[in-house]
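Following are the structures in question.
Shared chain: chain A. Partners: chain B in the first complex, chain C in the second.
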Partner chain A sequence: MTGEGFAHERKLAAWNIGIAIVALIIGSWFGPLQLFEHAGLDLYKYLAPGIASYYQGLTLHAVLNALIWTTFFIVGFTTLAVTYTLKRPLRYPWVNTLALILMVVGLLLAAVPLLLNMATVLYTFYPPMKADPLFYIGLTLVVVGSWVAGYGFYFTLHAWRKENPGVRTPFLAFATILNMVMWQIATLGVAAEILGLLLPWSFGLLKGVDTELARTLFWWTGHPLVYFWLLPAYASWYGMLPKQAGGKLFSDTLARLAFWLFLLFSLPVGLHHQYVDPGVPPGWKYLHAVLTLTVALPSLMTAFTVVASLEMGARARGGKGLFGWILKLPWKDPSYAAQNLAMILFAFGGIGGITNASYNVNLVIHNTIWVPGHLHLTVASGVTLTFIGILWWLLPHLTGKKLFSPKLALAQAWTWFFGMILMSNSLHLLGLHFGVPRRTALGAAPYNMPEWRPFQIEAAIGGAILFVSLILFIIVVVGTVFASKPVEKPVEMPVAEALEDPQLTPAWLDRWRPWLAFVAILMIIAYGPLLYQLISAGQFVSPGFKVW
Partner chain B sequence: MSGPERFKPTGTIALLVVYMIILLALWANVFFTLISRGVTL
Partner chain C sequence: MTTEHLHIDPAEKRWIQVSILVLVIFAVAVGLTGFVMGFQVPLPEQRVDPALITQEGPFAEPGLRELAPGKYEAYILSQIWSFVPNEIRVPQGATVTFYVTSKDVQHGFHIQGTNVNVQVLPGYVGKMTYRFDKPGTYYFFCTEYCGLGHQAMYGRVIVEP
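On to the complex of A and B.
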């Protein structure tokens, strides 16, 4: 027996999430290896010739964990969230089936050059590093597949709105579909980069590439990509976690407003990754700095609304005092604990994010190992640990089997938490105080300084704890799917009620056109003149290099 | 706790105040690191 839902949609979600889990497991093995290498323990030599270098491992780690795990999980999760909360099946199930096929074909095509060391270009694939054409084609198909999945959700929402005139879209459907819309606008940049520059260049049709233009198009996508990962986590924090904590969503209105603001302000922000790029005039960088810092507004609204919702649940469970209520949260529930721990780490990632976004302060940490320290608090903790927490109810929901050892699942969450604290703390300090470069096999670097060693050992210990956490994750997932007993009653998706009737939420927070018009205007202002300038002054001369 | 007028999220506000203090302190730490290196001089 399994949870309520529609058979085809559940199957699609299960395929997406299953592929995501495999990607996370394979990709995560390379994370600790990097930290061990920095601390002087080079295990890559034992992986040769399968894995040719530190950099091939780094590319696999980032592509599998940051792109594949997240994209497949999000499409699967959105499929369930949309159909479950709209209480209707997909309007055109074949569209979403086609999406899955495109994404899988893309993944397989990209995997070939990745595994053959023909696409060791890291996940940002900056030219002039050049990959095999199959890598670009594969990534394009994964992105196009996710677009097609989005179309499937839009058709479904459109059909639901016709069937339910005047009714507010259920929050989880609204939030996850908004994320797909944001993703489609965000990926226009990387689509233009790959189709207009990198793919013809890799086929030899273009003799050279303009690296500055390529980077600018990449970061059109690159930073909103973070929000594509984050918004489903936020959807769970707003729309599911309060239910798991025994509370209600504190404000449906605030929640929807925050998501609209994320749509507006998470997109025109890419240039804060290019503060030191000489080809981008400072005025444009300053504009993007201001817009990036504006994202703090919906972020703080999220912090307030989510924590207030949890506080309401904790006080309903008998919590007292200014901070004492925190102890009454359901910390023994692995699904809840993983997501709350993810929030705590993410809060510190947000502080680092403000630093990164600050135009001048960014100079201290730009291109240092601080940046992966930050990314692992946001994506590898805030997002991934939340998704893992979701899995602890989702796997029983999909398989109809009990979670295999909730205690091990709880241990998995805590080991991930402490492992990430050690790792990220040391990476931040190495970047801040010593300017240690990121994306570098530091163990082999002649400039590796003795003063760095204590921090590198701290990071390696963090990596070892994370490795244990990964093993626990595998045990719980495999145990649940293959060795667990059936649940006595179906495990339902935890959908939090709002404190006030969502029908009282203003109608303008459930209309798409005005917000999409604002987005278009903002993107034209933030990128239009700059891209015109970069394209008209483009120097398509750089040859490609294979450096590793 | 049937409505927002009855539920005052005092603990949430206290947590956010603590968070803002930490945020400002850590940001200022990086800012002073920048200043100490003379980057903006």
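On to the complex of A and C.
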């Protein structure tokens, strides 16, 4: 997949991914600052008045990293994965161009209040904290832009299916488009929250909001959001990494089945973020707990298939023994190594995730700093380090320039790995043993206790290592784009073959309508009666507050 | 084989079966401990109007009330950036039912080392009960970002031997 004849697609991808990288670089560096602050080294005083507080920094950190870096990267990556594997350009290129414009305008609009400290509401923007209307408008445009990008992909798939009757959709196109479909359904919640409640309220048309209704709509989106980040990483692990390791996709059938299960079960689970909410009856919470445990199943399937695929590659490269083959994986290839390290961290994140999901067990760690400990193993490592690994073939592919320094890129991956281990280990323990709260400038907290210090120092050391990792990341990216030599032969997108001909995969795994109908039924069951109850008993009484 | 079929490797099939079994066990376990043994998450209690709570109802005079020997209820009002009251004293073995709500933005109420953990929402009252069997100081921190002074918002339950 050399990308020849895909000039427009490459340009779109380059813009999306370029913006994503800038967001990651700006957003991430607040991370170490936060850890230093907890350990007693407050660097925010040097940032004032540009950055007014820990909380403005934290808002920027999560919005730029978790919302902007991920969404732009995913749209860019999906553009290439879809068109290259379908071997056809976008059906309506202008649709995807429009999508990019909407997303960029949204980002710029939201950036104004974020940078002016007029939207220091964290990335969850829970009412009745009230941000400047521009913040809500900007976010909405980013989301709508990502919908439009999705439509561009659906049109393209539709055209391809007409041109190729009876042919199974190539796995990577299938997986990345499924992710966009899931996202479309997922974001209906936050769209309803913003358009129905927050925007009219921030313009003064609505006197108050109902906080529980707003939270429930937010988490309708908030949990599948994490699967929106994760599924493209999984697509790379299933559909690209085996090729990079010299193997094949172990089971095309189960890979597709896993993705369908994700479509079904990553959506009706939002209430597992609301176990401690006072306005949701326990039966609903428990239903979502059970559905959440169900969505662990396709992840467990993924673990098996991906490890089996990589093992095949390693054995083909001469690997032997029960575990000895692991050494024969292409550890020297930074693109591979980053993604494999990402997987290892993600596996621990998954185990912690089952704890979080477990209904009453959640009471022990809910809203403690255990949670950022968890989410840095998942989104900030499993996903982000995978995307970084993808960049190490994608940047040479797009720019025609060699990866600037494979050694530094490898060092970037390993420093990220060890930095995150130190940080997340100590955050988990602080949350579990001491109930240390999250989202808190702990260095300034009167209750910060001496027993917490050793852990906070461990985390800050992790933060310092991550800071180094970030600098390495910047060097490799900037070096590749601006200072590297041209590649001798074009770098291609890696696409793994399946062990078995995909044509043998049952046709029901390549049909959309029945699965979408099933999604609709599940969502109506999981949310219908509850939302009806919350809306009909809604009390729109909370006026807005600006408390930062 | 040349026709389409759902092919699953035997080892993978076993893996999937074991995975399902483990997940079912988890689901049943949390269901039983929650709904039968009473390790329950916060239950919906009542609605209030955040504009009126400081004037009428139990939150007009928040604090601890003894219902019977060893049985208490505690009304805790959350506001930027303090809990009212921020200290309560009970004897060892006391069972306390906490009622919490907010008069402004969202807050969090989590008593260190216990299962008492409630998202505090204006307009809603959260309720949780706990028996303090060990003497000592139990801190509660505000666990939801509530603005610039969030890190200063905390209180304690002192359990006297």
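Everything below uses one rule, namely that the second predicted complex is superposed on the first by the 543 of 548 C-alpha atoms of A that agree within 3 Å, B and C clash if a C-alpha of one lies under 4 Å from a C-alpha of the other, contacts with A are read in each partner's own complex, and residues count from 1 in each chain.
Just so we're on the same page, contacts are C-beta pairs under 8 Å (C-beta built on N, C-alpha and C of every residue); 3 or more make two chains touch, one makes a residue touch a chain.
From a predicted model like this one, the values you see are computed outputs, not experimental measurements.
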Per-residue touch tally on chain A - higher for chain B or for chain C: C
Partner chain(s) touched by A:Glu500 [first = chain B, second = chain C, both, neither]: both
Which of chain B and chain C A:Ser251 touches, first, second, both or neither: both
Contacts of A:Val364 with chain B and chain C, given as first, second, both or neither: both
First, second, both or neither for A:Ser542, with chain B first and chain C second: second
Touching partner for A:Leu205 - first (chain B), second (chain C), both, neither: neither
Touching partner for A:Arg315 - first (chain B), second (chain C), both, neither: first
Partner chain in contact with A:Ile351 - chain B first, chain C second, else both or neither: first
First, second, both or neither for A:Phe304, with chain B first and chain C second: both
Partner chain(s) touched by A:Ile326 [first = chain B, second = chain C, both, neither]: first
Chain C-contacting residues of chain A that also contact chain B: 250-251, 300, 304, 308, 354, 358, 360-361, 363-364, 500
Chain A - residues contacting chain C, complex: 53, 55, 58, 122, 126, 128-129, 210-212, 215, 250-251, 253-254, 274-282, 285-286, 289-290, 293-294, 296-297, 300-301, 304-305, 308, 354, 358-364, 366-368, 434-442, 444-447, 500, 503-507, 537, 539, 541-543, 545, 547-548
In the complex with chain A, residue positions of chain C that touch it: 1-9, 11-12, 15-16, 19-20, 23, 26-27, 30-31, 33-35, 39-45, 47, 49-51, 80, 100-101, 104-106, 108, 110-113, 115-127, 139, 141-148, 150-152, 154
Sites on chain B touched by chain A in the complex: 1, 3-4, 7, 9-16, 19, 22-23, 26-27, 30-31, 33-34, 37, 39-40
Contacting residues of chain A [partner chain B, same complex]: 250-251, 300, 303-304, 307-308, 311-312, 315-316, 321-323, 325-326, 347, 350-352, 354-355, 358, 360-361, 363-365, 432-433, 499-500
